[in-house]
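Two complexes, one shared chain (chain A), two partners (chain B, chain C).
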Partner chain A sequence: MASAAASSTSAVAGGSNKGAAIATGSALWNRVPKANAELFALTYGALVTEVLRDFGDDINAVNEQLDKMGHSMGVRCVDEYLAKLSTAAPPCSKFLDTAEVLAKSAFKMFLGITADVVIHEGTEGKEDSYSLIMTDNPLAIFVELPDQYQSPAGEGQPLLEYNSLYCGLIRGALEMLNMRVECKFVKSTLRGDDVNEIKVALKEVVAEGAGAEYQEE
Partner chain B sequence: MAPSSSKDSSSDSHSGHPQVSDPALEFLIAEIVRYAELSCPPEGPDEEHSIIACEMAAAKLERIGYSVGYRLCERLAQTKTFGTTAGASGNSAKKDPAAAVAASQLEAVKFLCKEFWIEVFRKQIDKLQTNHRGVFVLKDSELRWLTRFPNNQENARVTAIQLLAFPCGMLRGALANLGIPSVVSCDFLTDQQNMASCSFNVKIK
Partner chain C sequence: MGVHSFLVFDRKGKTMFAKRYGKADAESISDEAQLEEQRKLVFGMLFSLREVIASLSPSEETALHTVQTGASTIHNYETNSGMRVAVYMTPNPMAPPSEGDTICKSLEHIYKELWVQCVIRSPLYRPTEGNINATNFEQKLDDYLVAQPWFR
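Let's look at the complex of A and B:
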């Protein structure tokens, strides 16, 4: 435990907290109670089916609904994550710090998988972003998309994003850390890509502290 | 049975049996309950309308549960055979087909109480009662998904009843997968203060 704390402080200085994130991830994974991943996947599948049934052809609304659910799950996941940590969390004060923590600790704790990180440093006029690359996708075991959802119906038509939940999860979790991000599935194994890639881009760092209405007089 | 199964699940985390964390599943189910509630808004201000809306939401959850239970049972029962092939029940089948049907139904329900329930809730059903005429009562004194609900609060109770539609649907789906059409309803066990104890009434059609 002491070494984990020490490495977390060095991680802030070094900027690369991969090793600490992996250690934290497997420590958390060993601590949380487990559930059957097949049950999880089937439950999500049944949910997507139901949402599709409700919204019918409005694919955008389906994606949005799944994303919204992910968002409120993400908000709760942060609480659960912080509550289960035994040592002080390596502070995610910078946006790019969150990449390894998400990929190696949080994904491990909640889904039992880890993701690889590719950082895209922000250049002039472009915001910082990173990609999370997953080979396993616990939400999509057993899943095969019907043809009509594999490719867009026509030019500019929206596409069903089965994994929208992830985007919402990440968005919700990072919102709790005062970062507003945009999340997008760039590659999906369900559409024939060889990996899943989620691109996370920073939009805005929300000001720390309570809103103006709570300020002391 | 229970301790050995928990030992299995911890050792399985390294082998092929895939797992996710329990909070992830719990949050997902909470979201599903909320979605069902929001997508069935009451059509009017009256109490009658809100009761209908509640029923609609419960039906939706039941339907989602049905599809989960149906598929999960397909996975779990892959290697199982029920009733007729075993020697003892095979003999009784010659004597009395109705008894054989009842025996295989009982076996199917027992399978749900043990293997199926362990996969979903990591524990067995605590008590199984039957009248041997197609009615089964499955009692669980601590349903995992309900343990975090506060006791003695009306709105928590309403939500808990809605949530219970989900495992009801799962049971119905699992039985349907085993070729047994049924009706499943549920109730809290009123003799205890604890909200997490509930019973499922299975009536085979």
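Let's look at the complex of A and C:
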């Protein structure tokens, strides 16, 4: 099995947190079994084609379906990631910590790439959103979007978001860590931008509580 | 002596997996509803203890490892994603005091290797429904536990 296309971006190791995440990422990357990158990308492409065929013209439904798939993947990826960590220290409990861990450690482990983190200044000095910048996208290495999906046909027409999987993935993963977030794919190389950018915004920190079975009657 | 039961809870307190070992006639509760209540109580205890630790402890570490009573012990391994693996056992009085550590390491191994490999990766597993019987987790777990020296 060929190893996935691992184009490592130049990892700037500033601050101990970043350095630790990068080191963990590389260590994890060495430990996981690899699959063929082309197979992965082509399978995803075939999957998107199928979903498009199922839903026809309803682009919103297609995006939603891809997002849902990503979500169920993310829910499982968290446990996989935690299991592969050899150190017992909890990697992140606060929202901003997840940025570094996601970009350097988790993306490296699962996709073989690292991403850069840009933290947005929120209102009242509260920083509750960040962007992950990826220069290459292993899911879309052979993909060209046809014109009808590149730009909206008219006002208010939805765009096909090919990379909805990432959004769902991050959403699902962070949900397992008690954080409800909203993810959006802001910039995409498939649509002519120079980088891929995922914006992650924290909506609320779900209180750790027991489920419905434990509610007082 | 030995292990009485093995439990896996998820974030919300649902019992994902529960198995009783040892002699069945030694168990006083055999009714299904009561068993379910008992498991909920165990989860509630683990959960509440974790909250207490979080408020008492000066550091960030909130993991609960062991609860020891006169009769028996519960060993516990928690993850960031909220999964708890707990084993309820009566320790062998001849066991070395470091046995607790080996058991915790075993629980960690059970989570990392067996749970992730068998359950998370299984296409038949849904986090909300928790149908563990469709996977081979129980089989692998039994094989692993039988090989452990503290399991009898």
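Definition applied: the second predicted complex is superposed on the first by the 188 of 217 C-alpha atoms of A that agree within 3 Å, B and C clash if a C-alpha of one lies under 4 Å from a C-alpha of the other, contacts with A are read in each partner's own complex, and residues count from 1 in each chain.
The rule is short, and it goes like this: a contact is a pair of C-beta atoms (placed from the backbone, for glycine too) under 8 Å apart; a residue touches a chain by one contact, two chains touch by 3 or more.
Note that the structure is a prediction, hence the values are computed from the model and not measured.
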Touch check for A:G112: first (chain B), second (chain C), both, or neither?
-> first
Once the shared chain is lined up, is A:L82 touching chain B (first), chain C (second), both, or neither of them?
-> second
Scan A:L145 for contacts with chain B and chain C and give back first, second, both or neither.
-> neither
Check whether A:L177 is in contact with chain B, with chain C, with both or with neither, and answer first, second, both or neither.
-> second
Which of the two partners, first being chain B and second being chain C, lies in contact with A:A61: first, second, both, or neither?
-> neither
Is A:A201 contacted by the first partner chain B, the second partner chain C, both or neither?
-> neither
So, does A:T49 touch the first partner chain B, the second partner chain C, both, or neither?
-> first
Could you look at A:I22 and tell me whether it touches chain B, chain C, both or neither (first, second, both, neither)?
-> neither
Chain B and chain C contact sites that coincide on chain A, given as residue numbers | 76, 80
Enumerate the contact residues on chain A facing chain C in the complex.
-> 75-76, 78-80, 82-84, 88, 90-93, 176-178, 208, 210-214
Mind listing the chain C positions that touch chain A in their complex?
-> 11-14, 40, 43-44, 47, 60, 79-83, 108, 111-113, 115-116, 120-121, 127
For chain B, which residues count as touching chain A in their complex?
-> 9-10, 13, 18-25, 27-29, 31-32, 34-35, 39, 60, 63-65, 67-68, 71-72, 75, 119-120, 122
Residues of chain A touching chain B in their complex?
-> 29, 32-40, 42-47, 49-51, 54, 65, 69, 72-73, 76-77, 80, 109-112, 138, 141-142
